[in-house]
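The structures considered in this document are given below.
Paired with subunit B in one complex and with subunit C in the other, subunit A is shared by the two complexes that follow.
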Partner chain A sequence: MKHAKTATQNACKLCNPLGACLAFRGIENCVPFLHGSQGCATYIRRYLISHYKEPIDIASSNFNEDTAVFGGSRNLKLGLQNVTQQYRPEVIGLATTCLSETIGDDVKGILREYKKEFMNGSPMPVMIHASTPSYQGSHIDGFHGAVRAAVETLAEQGTPQQLVNLFPNMVSPADLRHLREIFDDFSLPCMMLPDYSKTLDGGPWAEYHRIPPGGTPASAISLSGSAIGSIEFTSTLADAKSPAVWLEEKFGVTRYQLPMPIGIRETDRFFSLLETISQKPQPEKYDDERRRLVDAYADGHKYIFDKKVIVYGEEDLVISMTAFLREIGMVPVLVASGGKSGQLKKKLLELVPDLEEAGIKVRDGVDFVDIEDEAKLLTPDFLIGNSKGYTMSRKNSIPLLRIGFPIHDRFGGQRLHHLGYRGTLELFDRIVNMVLQQRQDDSEIGYTYL
Partner chain B sequence: MEQIQILKEREKQIFEKKDGGAAFDISCETTSLSGSVSQRACVFCGSRVVLYPVADALHLVHGPIGCAAYTWDIRGSVSSGPELHRLSFSTDLQETDVIFGGEKKLYASLIELIEQYSPKAAFIYSTCIIGLIGDDIDAVCRKVAKETGIPVLPVHSEGFKGTKKDGYRAACISLMKLVGTGETDDISPYSLNILGEFNLAGEAWIIREYYEKMGIQVVSTLTGDGRVDAIRKAHGASLNVVQCSGSMTSLAKDMEEKYGIPFIRVSYFGIEDMASALYDVAKLFPDRPDIMDKAREIVKSEVETLYPQLQKFKAALSGKKAAIYVGGAFKTFSLIKALRSLGMSVVLAGSQTGNSEDYRNLKEMCDEGTIIVDDSNPVELSKFILEKDADLLIGGVKERPIAFKLGVAFCDHNHERKIPLAGFIGMYNFALEVYQSVMSPVWQFAPRKGGLK
Partner chain C sequence: MESKTQFPDPSQVREELIEKYPAKVAKKRNKSIIINDPETVPEVQANVRTVPGIITQRGCSYAGCKGVVLGPTRDVVNITHGPIGCGFYSWLTRRNQTKPETPEDANFITYCFSTDMQEENIVFGGEKKLKVAIQEAYDLFHPKAIAIFSTCPVGLIGDDVHAASREMKEKFGDCNVFGFSCEGYRGVSQSAGHHIANNGIFKHMVGRNNEKKEGKFKLNLLGEYNIGGDAFEIERIFNKCGITINSSFSGNSTVGQLENAHMADLNAIMCHRSINYMGEMMEAKYGIPWMKINFIGAESSAKSLRRIAEYFGDAELKAKVEEVIKEEMPKVKAVIDEILPRTSGKTAMLFVGGSRAHHYQDLFSELGMKTVAAGYEFAHRDDYEGREVLPGIKVDADSKNIEELKVEADPELYKPRKSEAELEELKAKGLEINSYEGMMKQMMKKSLVVDDISHYESEKLIEIYKPDIFCAGIKEKYVVQKMGVPLKQLHSYDYGGPYTGFEGAINFYRDIDRMVNNPVWKLIKAPWQKTADSEKESLSASYVTQ
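Then we have the complex of A and B:
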């Protein structure tokens, strides 16, 4: 029976400040700081730690009742002092919460006062302030908001130089490492923001580090204004929230907007752009990677053809995943997101023009109960998305392929690849293997060759 | 190696036992210091953890999406029946709701969810923003209760209005509204309620079985494997047995005052405390010596099985040093005893929410040189683990990566655990888990241990 639905049940999204904290983790020597209740910082730490398995310190201004009545200025200043003393950061990534936004704290004004009152002319950590009220948008908005705030705070005009800005979107540390490698192989200097490839997937420590090593240095972000171009992996990000658009408007840095490079077509598009910008042919290594991928598509195509899947997650991720699933012959019967940019269907049509004919349903602003209701009607063979779909996967006996964030119930989510020929091949292998395992499990004979 | 500095304002919450601890003074039960990166959560968290295991109630979080999303299926509290507590419900407030108020959305959500899931009761959690926009959630709850005929209980857990302990209190106030509304005809005078046991990995079932073997009726567990109807008749029990004293003592006190039910504090961790819990309960039923006889029988038979099993672990772990940082201080007492029974010493003992009496007791128990810390943070914990050269950290999800980064073994003694650590079998599991982590060969590659290269 269909129920009227006002409440969100088993949300397929997280709150705005989480995304900001994640992005701030990708700036070198930066401490994320939430202006709000202690709980926001602690819950978000716990949620991120369960995926990345790394220490993630997020400071809080720790509101109390007085703060809520008289304003957060005092607590914020004290918190900034304590973080500065305890962590000696170069950068503090300050994000707001529903609490500080609703009482209307003028964070920019407070920061100006702080500088006058406490720093007495001595160097202060760079303060990057992102406005992230939890009642607006979702975690992906906080993520992009923090990246844009970092660029707006730090980017400077300079002599144009052989440098490309890369805004990779919310991808895994393994993806970030892979992107870095691609740019290195093109001998193309790259300012990638954020870069939490080391801070959220690093080695053991011989001694204590206040802030994990790694991340994009503030000095590198400053140079983003003098880059020859910015590449931004997104399909749905509004111009007003895009760091690449801001750099173009402010400093004339050419903006190249691409969907996330998942699948051969979208990865080809990315590599062609790199060839154009670098004026170099694609390194042979990637010709090989592409050839191996095409070969794998051929070897595995029959197992997966016409298999029905539901894919869910952030809008940009599901758009590129859908394009990939279509090029390998699978049918994403439902493309779903908890996000709501208003662009999902329109942008999906650009990549998958036969959306309607192929019977692909698109829904934004949904929760997992909505997706489960759809699953009962659409009877997909598989689910593809983050680990929060496990509840409905188990209940309805539909296998789940875990991708993206968060992955709380499997090991190594931070090391999964999604992007490029390499990431696509990893996804393809995993999808085919899921089908094979199911065939084997369901078989009465238990074939040992498949 | 560089000396790690402690924030000046934090110094009074840290104590190192010297000269027998004569000059003991520790500050606690305060709000966390801004910018210190406390491991604590908030008032909402306190309420949420206490009420979470009530499995046939609807738990609706009134606020923006985060608070509900981060607490979805967060605890290992298992249920023997309904599992409504494992779903996540939020009014998911948007900007317009913040401007115009969220009462209508709350009302509609409640009516729809109660119709869809038929819960036995509903708990409505206020989050930070509700304390600002001034929704009258009490009025909405009264209205919905009247229309649906089930208890609809507001939980005043606005995150910023105090600490996690205030959240415990808010949860107990809501529970107290349920207690006393059920029939008590079938309750024996030899009966008790288990308070502060959240049935992580089925721990409440282990404890319940001991009491039942002793011939005592367990009326309700609050709140592990909790049921609304059992809570409603909890006032019919003769005794409240309180574990996790930080969260549930206030409910026990309220029930003592209103219904004259005495309470005792116990712990179910470690052989010593587990045995004491059974004996202490049996002592309160002096007219039934068979209850004490049964308690003795249980302890004897369990210890006879367990003791030889522990010797292998003890042989391996003797002389190793442990650091403890957990939510409630009461748990640290049991952990210290349990670690000692394995031949281990404790070099750091801390908690998020201990009170001065807890820390005084802790000081008495601890060895010379032990650090006692209230409301600590990752920087301090790392500093003490390194300075004291700990071999093991006992903590929760947020402490785990600190240990692993530094090449230190770890035992999860928090809400996510999947292995029961309570009861006699729990002591075996605890020893096994500590053994498996401390003795793992992987630490040889940790830089602190030489790294082998």
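Then we have the complex of A and C:
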């Protein structure tokens, strides 16, 4: 085995502010704003837009040489004024970059001054500020950080009401729509944050929009303090970063933390919780979805049983994916993440207790060169993860099943399902078809009856 | 489709664009929104800071240096010194192609190295980590060159990437290591990064290898980054003509080529904005003239080939060039004859780059399409008005921060390729020697020129002109298409290309035909197609400037 590297080669993570911008896109009438150089906004826009294929405006305080030396206060105030006048947003989602964090700009202080200097008590957009230096953590930290900042800024104490907060984690717009549908079918009012199901997967515009329609309204986030509970899909999120924990501590909103519901067991857990909270039985529609999924497992097991796979991506995603892969009899020979919460193995063991016996290797804080080194030894049948594994897939002739984010080399990444019985079935079909295609391609004759 | 022979009055359009701005901003934008007159080109305010909070399409200095100029190099190991984002976002996102001569030859283009700075590096400095990263890259690949790119925090925490590079270069002995101070906050756009990259390549690479290579007509191809395989098509045509590409800056380039660039006899410049510094510096140090060429468009390609042949002044080459043009043109004509009836009379707008908004007008004109408005994202006045305005450009604080190398004639290697008299003669024949006439002289009278167009202004222009196609990049693509107007990406080519030369022109004609005549647009109702009595959210904008 090679000695540990210092440089990161072909990173398996993105930067902190990207996650924050994505989460802010899931708040209604909100403009994400990066306090730093304009290049960050441009790069992050380009990266998000290429995946979602939707317009994403991100404002910036456009630092230049003297701003970097003398501080960004003036630029930030000017930028906020311009965004306010130009977009008339209800919310400005302000995230910092490594530049403003390095020079130590006191954003909270600047915001206080801004309110005094410019607003004169007149109504102004809600400012949600998330500290997201890219030299800490990765994109997933920015994502959760922005969600928590939104809740901390907006949530209010209120009479408990029939409302559930849902913190769905970084999933696809299709997943978000599916989650919304599930809550609707349980007739359970839900404050889902973020909700970019429309802003990042919407239709043509019959009229001009300064900000794409959709997202969770600020007024709904305010109610999160009076919800009867918060459901949070995560396995590794630290309490200090969790919006659900904050709501519990601050307003006594019960927190239910679940792994992302992928696979039958984890989805069962989610639906059973919904039954408990709503005091209603699971709608028949989902019984059917579950039955179809079990049936598919039975029909497809002969193709995929014992197949070896490497799964990589955000820690919460790979944990739930691993649980699902074990459920269908596959062997995730390596579970890898560029993230480094320190919880990956521990939390994985909770869902997959036979980790060691099954020979599943777990590595956090890795890059694609590490994963490729492992792949050469572990010889998996295929890889599951985002587009960035393609180079490794191509070089080593290991097929890649694309899930999660970013997907830049296939169409429709924003419409892939991962969650619930429905999402699991879609994943299962895709996995089986990948095996079938491989078998067909490898066949000398080319059978069409497989 | 209705034909659009009636264009709105440009002065009214300008009024409409700026009427909702506060006086101060209106005054500022008024200088960047210009009604063209090709006879007496008016002044365009360009290369000035973007107002904070206005959503710009511009990138940063790092993007210009690492992403644009050095990104296409295949045998330089490019290390981003900084937190992970910058390296990740510039990881082969520009669709630069490269073709190593053998499968064993070095090709790091799919590799993304980063020091992935963590908090402790910000607090205690990152130089140590950088040196270890350089060592790792060296141990892993033994490359000919390693380049270091600084991101925002690097300059602020005082890391000296140049000293670290020098130290490692001396240590290795057989690997050229050099750094770029291209922190994102330098300059007003990626343009600053181009300049920094030019300086670095000139200082650290050009002139290291004096080997005289074979080839009767040797030129360097400058400012061609081989997006979608553009440089391959130019190379194919050059090969047919017997013209040798000595070195390419920097699509499909190698370290060996760049180090030997000063042995060519002509610098042929595609993208003037990003590489003109290199042309100027090589002229001063080695006596190699540079000439503006354009291989976007079949007619423009033919013209550029003839100019190159004229430059070398060789009868055989001239004859060969004519033969090649004669051979290539019929294929092009066959396609244009088929497509022209479907594209003729349509309109285009181009807001992109530092040269593309100019070059692609030629292709549209070959399609019988009119460019009603155009502008650059990060160009300077000379790219609009021509280099003759250079002496009059006021150097502002942002430009002053970018180093201007003092270049003198090399005592041994300076050899003027042409005498003053010969150069004058060539210029008289219409060759753009050490000169570029800019975009505006080629544009229609009363067309609109807008520099660093804002999001609001581009939406407004679409509403007013209702163009058949809008050319920009991925950031604008989906908002424009939501209004029912197809957007052609001219940064990354929408997964297509090449668009250079004769084959490229054919590709472009077909792509544009598919886009403007696509049935899907009939399914999307543009906001201006709504019934007259319906309420329309009026586009309003108001900004504050510094």
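Quick notes on this one:
What we mean here is this: the second predicted complex is superposed on the first by the 446 of 450 C-alpha atoms of A that agree within 3 Å, B and C clash if a C-alpha of one lies under 4 Å from a C-alpha of the other, contacts with A are read in each partner's own complex, and residues count from 1 in each chain.
Assume a residue touches a chain if its C-beta (ideal position, glycine included) is under 8 Å from a C-beta of that chain, and two chains touch if they have at least 3 such contacts.
A quick note: this is a predicted structure, and the numbers were derived from the prediction, not measured.
The superposed arrangement places subunit B and subunit C in clashing positions on subunit A.
With both structures placed on the common chain, the touch criterion links A:N82 to subunit B and to subunit C.
Legend: residue contacts after superposition of the two complexes on their common chain; A:A4 is shown touching subunit B, with no touch to subunit C. Of the two partner chains placed around the shared chain by superposition, subunit B and subunit C are both touched by A:K53.
In the superposition on chain A, A:S37 makes contact with both subunit B and subunit C.
Contacts of A:M124 after superposition: neither subunit B nor subunit C is touched. Common to the subunit B and subunit C contact sets on subunit A are residues 5-11, 13-18, 33, 36-47, 49-50, 53-55, 57-65, 67-68, 75-76, 78-83, 85-86, 97-99, 102-103, 133-136, 138, 204-208, 210, 388, 391.
Those residues of subunit A that touch subunit B in the complex are listed here as 3-11, 13-18, 33, 36-47, 49-50, 53-65, 67-68, 75-76, 78-83, 85-87, 97-99, 102-103, 133-136, 138, 204-208, 210, 388, 391. Listing the residues of subunit C that touch subunit A in their complex gives 49-63, 79, 82-91, 93, 110-119, 121-122, 129, 132-133, 136-137, 151-153, 155-157, 183-190, 397-398, 401, 455-456, 459, 463, 473-475, 477-479, 481-484, 524-525, 527, 530, 536-537, 539, 541-546.
The part of subunit A that touches subunit C in the complex is made up of residues 5-11, 13-18, 33, 36-47, 49-50, 53-55, 57-68, 74-76, 78-83, 85-86, 97-99, 102-103, 133-136, 138, 204-210, 388, 391. Within the complex formed with subunit A, the residues of subunit B that make contact are 1-2, 4-5, 7, 9, 31-45, 60, 63-73, 86-95, 97-98, 105, 108-109, 112-113, 115-116, 127-129, 131-133, 159-162, 377-379, 382-383, 386, 397-398, 400-402, 404-407, 445-448, 451.
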